[in-house]
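What follows is chain A paired twice: with chain B in the first complex and chain C in the second.
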Partner chain A sequence: MERYQISGRQFFFIIFAAVVSLIIFSLPTQLIPEVKQDLWLSMVIGVLIDIYVAYILYWLGRKYAGQSLVQYSRTVLGPIGKVFGLIFVLFFFLVILSTMWLFCKFLSTALLPKAPAMLFSITMTLVVSWAAYLGLESIARMTQIISVIILIASLLLILFSIQELRLDYLLPQLENGVAPAIKAAKYPASWFGICIVMGMLMPHLINPKQALKLKVSAVLLGALVMTVTFLCSLALLGPYLASRIDFPIYYFSRTLRVTFFERIDVLMLLIYISGAFITFSALYFAASEGAAQLFGSRSHRGWVLGSSIIVVAVPLLPASNNASFAALYFDKLFPLLGLLIEGGFTTLIFAVALIRHYVERGK
Partner chain B sequence: MRAAEYRIEELIGKVTSELGHSVDLSVRQFTIGVQQAPVAAIWLNGMVDSQTLDESVLSPLLSYNRSVNLSVHKNLYVLLRDLITAKKITHDLTIDQAIEYVLAGNTIIVMDGYEHCIAVETIGYETRSIEEPSSTVVVRGPRDGFVESLEVNVSLIRRRIVNRKLRVEQLVVGSVTNTSVLIVYLEDRAPVKLVGEVHSRINRINIDSVLESNYIEELIRDNRYSLFPTVYSTERPDDVAEGIVAGRVAILVSGTPFALLVPCTLFLLMKSPEDYYIAYPVATFVRWIRFVGLFIALVFPALYVGVLLFHPEMIPPPLLSSILSAREGVPFPLLIEALLMELTFEGLREAGIRMPRAVGSAISIVGALVIGESAVRAGIISSPTVIVVAGTAISTFIIPSVDLSGTLRLLRFFMLLCASIAGLYGILIGLILIGLHLTSLYSFGTPYLSPIAPYNRHEALKTLIRVPWWALRTRTRKKHNRG
Partner chain C sequence: MLAGKFNRHVALGLKGIALLSLLLLASGCWGQRNIAQLTVVAAIGLDAAPDNQIELSIQLVNPKLSVAAGGSGQRRPFALYTAVGSTIYEAMDGIRKQAKKEMFFPQTRTIIIGETLAKRGIGDYMDFFWRDMQQNPISSVLISRLSVRELLQQSQELVEIPADEWVEFFRNRENPADTLEMYEFLPRLEQVGYQAFAAGLTPKSKEEKEIVTIDEVAVFKKDKLVGWLSEPEVQVFEWLRGDSKGSVVKFSLEDQGTKPIVFELEMIRVRKAPRLRNGQIEFSVDIHVDASLKSSVKPLDLSSVSANDLLEKELEEHIQSSVERIIARINQELNSDIIGFGQRIYQTYPHYWKEAEPQWNEELARMNVDVNVTAHIIKAGLRLDKKYHDQ
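Here is the complex of A and B:
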């Protein structure tokens, strides 16, 4: 298998792009109607959960240096670990499928209403699977360029909106107590949790010692930028409008005018699409490499090509036109599954590894 | 040594028949010494410098040897060595080897009764004088350009890098043309691995003729299918000298003024040697104009088509209405119109290059009047499209590298196609595809997008702005780190 190596900076930017672009399409629709101006609290809790997971993965990654999440779950748990590895890989694929579905739905409603959803799934799968095929180094280099653009664009978006914000929309804070915000934290936590992809990338890091610091700071930066953007869109559109429209961030950027350009929303959208490209390709790489490690294939490339057929067909899945199923899936099933796998499984592996660690020491 | 069977007529006959009695082969027979031993000088007209031939080969042999007693000299070579005043003599050559020397411009001397002969270096063919390179012109900077002769080209580099570490190595490529290829580098700057890689790639070449450095370029490049040039070619010795000092390896090919430099990155192609000869703030500004030009040359027509077809709401209403009113009555769809104009421009450009200078102005008149003026006035083409194509054309000419601007001209059509399918989203997908290709591209072990991706702060700074010389403290840096 080819050894890809990425620098700390590239790792940081991959995580950052993943955090920002995954949740920009999914999170506002879930979070804003439920908690409105208290969403920051949910985000903070989500980040805290994620830092906990990051620490576990860091510890495991350092203890089983050179092994990926899929590999050390087998080392730690034995044959059962293989099942865990399979679940991780399937989960990565599930995330790709879910977000690809969201992505296609969003683009075919917001960007090009006349185009079929398949257009987006085909083109996106084409670039993403090519990126995954080329390997982590290409993805990392693309990330370096795209993430900087995302960061600058997000900051500019916030900056341009400042004069039109109505901060009283954000008050009163915590009017229903903290309980709803804590309950809603499952959404950001499950989406941030995608960063267990860190477990797959860590063996490729030139200096794994930095992994925890980089990961936490990337998630913090991403979550901060996104929280501020969400709050700005709330303060601009008002809680009523923001919780009723499908993609508040999109409408938020639509209201802004920058010098002589009428509508910068399309540009913002393009920037987030390029972010989504990074996330997809990192996940795709992680999933196919995990599958290759699981089944002992020589290269991840076959898995990339094989799975791309399924991803292309996402808009055609029978469940994808069923709105009530989609709502149930994204509001209930996905967060539950996400938390179970990202938090639960990793904790289990961690606990077993810890016990083994001390048993070995005791001898 | 002396043997009866090697008669001079036989030796001469062997050379002339081997060369097919070519008319440019000259044979001068004479005798030397008291014994009147028959000797002949053989050379190719035009390949030798007649003055050298006369002064240092023929006249010493003919004028000073009448009294020489050959029986005193055991070896004729020793005698001839002392008589001939030319700077270089090779001896003990078989006739077969000697023919190669004749072909390379030497004069060989065969002696009656000797199997081996002597080659005297008399190379001196007409070369073009050193002129200002026409492909890259600078306002300020040296005006000398490479010529077709390797000796002159190497001397142009040596004059600039007076350093004992400068290495010049020769390889011969082409089974028919036997073209000399020189590899020039600085021993303590160019990585050993890089030099070895260049050697092995050139040695691997199996081709019958090499007439221009592009033959070599195409055969040693990393990705054969890539549109992007991964070998830098230039006509300017100062450009090559700068590359050599920066640790690159130069490849000079006999018979062409275009030298090659490897490794080559995208940002090297965006540099002009003049960047270092003018004030650094201006150079930085110009460099950024070039980056913008690169982007415009690639996507401007695509943006025009994509935005007008798919996202007209992005354009401010006054501008949109003026574009739409200008397009009224144009019979073609927007994409066809843009494609047509782009192709027309490419045709005009190609016609302009091949035209004799006297006819050249006719092309510009046809281009400006017929296409620019009449087509718009007749309502066949809209003027916004003409403006977009003109802007793109100007941007293409901003790119300093001819190879890179050729790549952009091709990719522009690809982007146009992407834009016509899915608007700005299509452009984005197209850009990501190009980006992915660039990130996976290497030139002799160096990532093509370095130092931006992978990022190297010191080098990236030097790429994005023209750092003034006083701010550069460390000159040598590791250039070939991957990651």
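Here is the complex of A and C:
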């Protein structure tokens, strides 16, 4: 196994990009029709759940220093832990496949309607697997540049929309009480949960003591940027339109106009594509390194090359052209599965590790 | 040691700037596209055709090189194609066969809808604009009193592409008229609490020349055009939307002859507050106006408090009566909620709105609206309105 070293700032930006970019188009399509103006509450709950998971991963990462999520689930749970490790790796892989599918779908409907969806999966997989092949340090160094661009672009987008906003569109707040917002929190919570990638990155962090602080502040910043962008799009398009159109955030960016510049949506695509690149490569690295640790391979590189073939073929998978299956999957199955693995499995490992900790102490 | 660290940071910063400036080179010409391959759509026109069909007109910009760049400057600035079909998509097919080139929609300036079609109802056709990602959400929606094809063919404007001129007109802050953009228009066609309107293009014959004027506003009830607001009404309607660009108010004082006093409204703040009383909804509309005096009559001494108060009171009364008149006209006569009262109720009393929404139009006609105006005269121009001491 190679040892990579990433700094705190690099870690921060990887998490930030993972929160902001990949889901900026898919999350509002799920969230806005259900909760409209109350989406901020769902986002807050999602962040709270994610902070809880971050604390667990931090505790485990400190207790089993130098081990990754896949490795310490084996240490804590014994042979059954291997199954858990496998599930985590498969889950990372599933997230890559799902988000790659969303990525292809978005670009082929919004940007280049005539191009085949495979074009996007091929080009993206090519650069992503190259980055993952080179290892975490190369990913981290690129993240430092790209994430700053993402941050600036999203602030510009918010800034450009300010003069057109109609804040009364954000009323009434909580018209049906807090229940719908709590229920819909499963979407942000499950998507933010892909930050369990933190468990795979933590052993590479130069100073793991900072991990919790960095992770929480990155998620807070990312969620804040996203929530403000979502609320801006609601306040510009109005809840009626925003809840009835696919990709409301992209539509929002297309209605912006800065003096004589139109088509500000380029900024949005900049955020999305560059952020998707970072997140894909981090996930890709986590999945292949996890697989390598699980099966005792010497390097993660073989796994990168092997899995890229499947990722490229995402648009061709039998289920991917079935709109009703996609809706069922993204609205019901994925949030459920995500919460189960990100929240449930980690809690289980944490509980067992805690018991072991006290038993060992008692001896 | 410290200086070395500082230098390193500066060097890093410079390198970063140099790298970022490379991005400018990467883009080539701003928004470069090979215009020979593309035909940009300037305007989309929809009009009624017999047998419940629609006539679609598409105005394409004819790309022309400037004379300096070797162009001849002789070609027609635009091409117009029309086709009939039962849906926009079907008619679009017919146009594709005529135009042959690929049509580029994301820069469409206006969507023009013929009055006859608007009266028939446009709900069935708007689905196209909801679905097609290539349509421009910020194209302006206009209603033409003339047939759309004639309008697009004949209109004589300063700019070669008339659609450009019309859109510039709305962007200009000095013009009183306003219209909705596609992304505002589409959802409002389907909402009862906040219904759609659009500026009208009216042909006026002047010295045997057809001039198109934009001064009226077409009012929609659901997806059907139900009536027009005339030019003075449009101005008051704009006040209610909290917009006052270039709004001029004039009236004459009773004891000062017929010469009018002219004000320009600089700033309008409108607050529409619903109140639920004994299960009945009421609205109070508070309007706060900052006005500047543009022309006065001689005997008025504006430096005196009483004259100033008198003018402000007159102005308030004038605005109040015209606002009350327009609300009565829109709510009762046209019976369409283009002002957005229903939306305000939804925002303040969401539970009441759920019950009221199905029969909102009837309730709108019955609803009591209380108008209060406060006006302040903030500027009176360069002239010193003082009695001179030597007189």
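Just so it is clear, the second predicted complex is superposed on the first by the 360 of 363 C-alpha atoms of A that agree within 3 Å, B and C clash if a C-alpha of one lies under 4 Å from a C-alpha of the other, contacts with A are read in each partner's own complex, and residues count from 1 in each chain.
Going forward, contacts are C-beta pairs under 8 Å (C-beta built on N, C-alpha and C of every residue); 3 or more make two chains touch, one makes a residue touch a chain.
This one's a predicted model, so the numbers in the text were calculated from it and none came from an experiment.
If you put the two complexes together on chain A, you find that chain B and chain C bump into each other. Of the two partner chains placed by the overlay, chain B and chain C both lie in contact with A:R263. By the document's definition of touching, neither partner reaches A:Y358: not chain B, not chain C. Once the two complexes are overlaid on the shared chain, A:L119 sits against chain B while remaining clear of chain C.
When the shared chain is aligned, chain B comes close enough to touch A:S7, but chain C does not.
Between chain B and chain C, the partner in contact with more residues of chain A is B. Judged by the touch definition given at the top, the superposed model places A:L107 against chain B, while chain C stays out of reach. Comparing the listed stretches 152-160, 206-214, 404-412 or 458-466 of chain B against chain C after superposition, the clashing one is 458-466. Common to the chain B-facing and chain C-facing surfaces of chain A are residues 262-263. Within the complex, the chain A residues that touch chain B are 5-7, 9-10, 107, 111-112, 115, 119-120, 123-124, 126-127, 130-131, 134-135, 137-138, 140-142, 144-145, 206, 260-263, 266-267, 270, 273-274, 277. If you check the complex, the residues on chain A that touch chain C are 109-110, 113, 168, 171-172, 175, 237-238, 240-241, 244-245, 251, 254-255, 257, 262-263.
If you check the complex, the residues on chain C that touch chain A are 31, 106-107, 130, 133-134, 136-138, 181, 183-184, 186-187, 190-191, 343-344, 346-348, 350-351. Remark: chain B residues 310-311, 313-317, 421-426, 428-429, 432-433, 435-436, 439-440, 447, 449, 452-455, 482-483 touch chain A in the complex.
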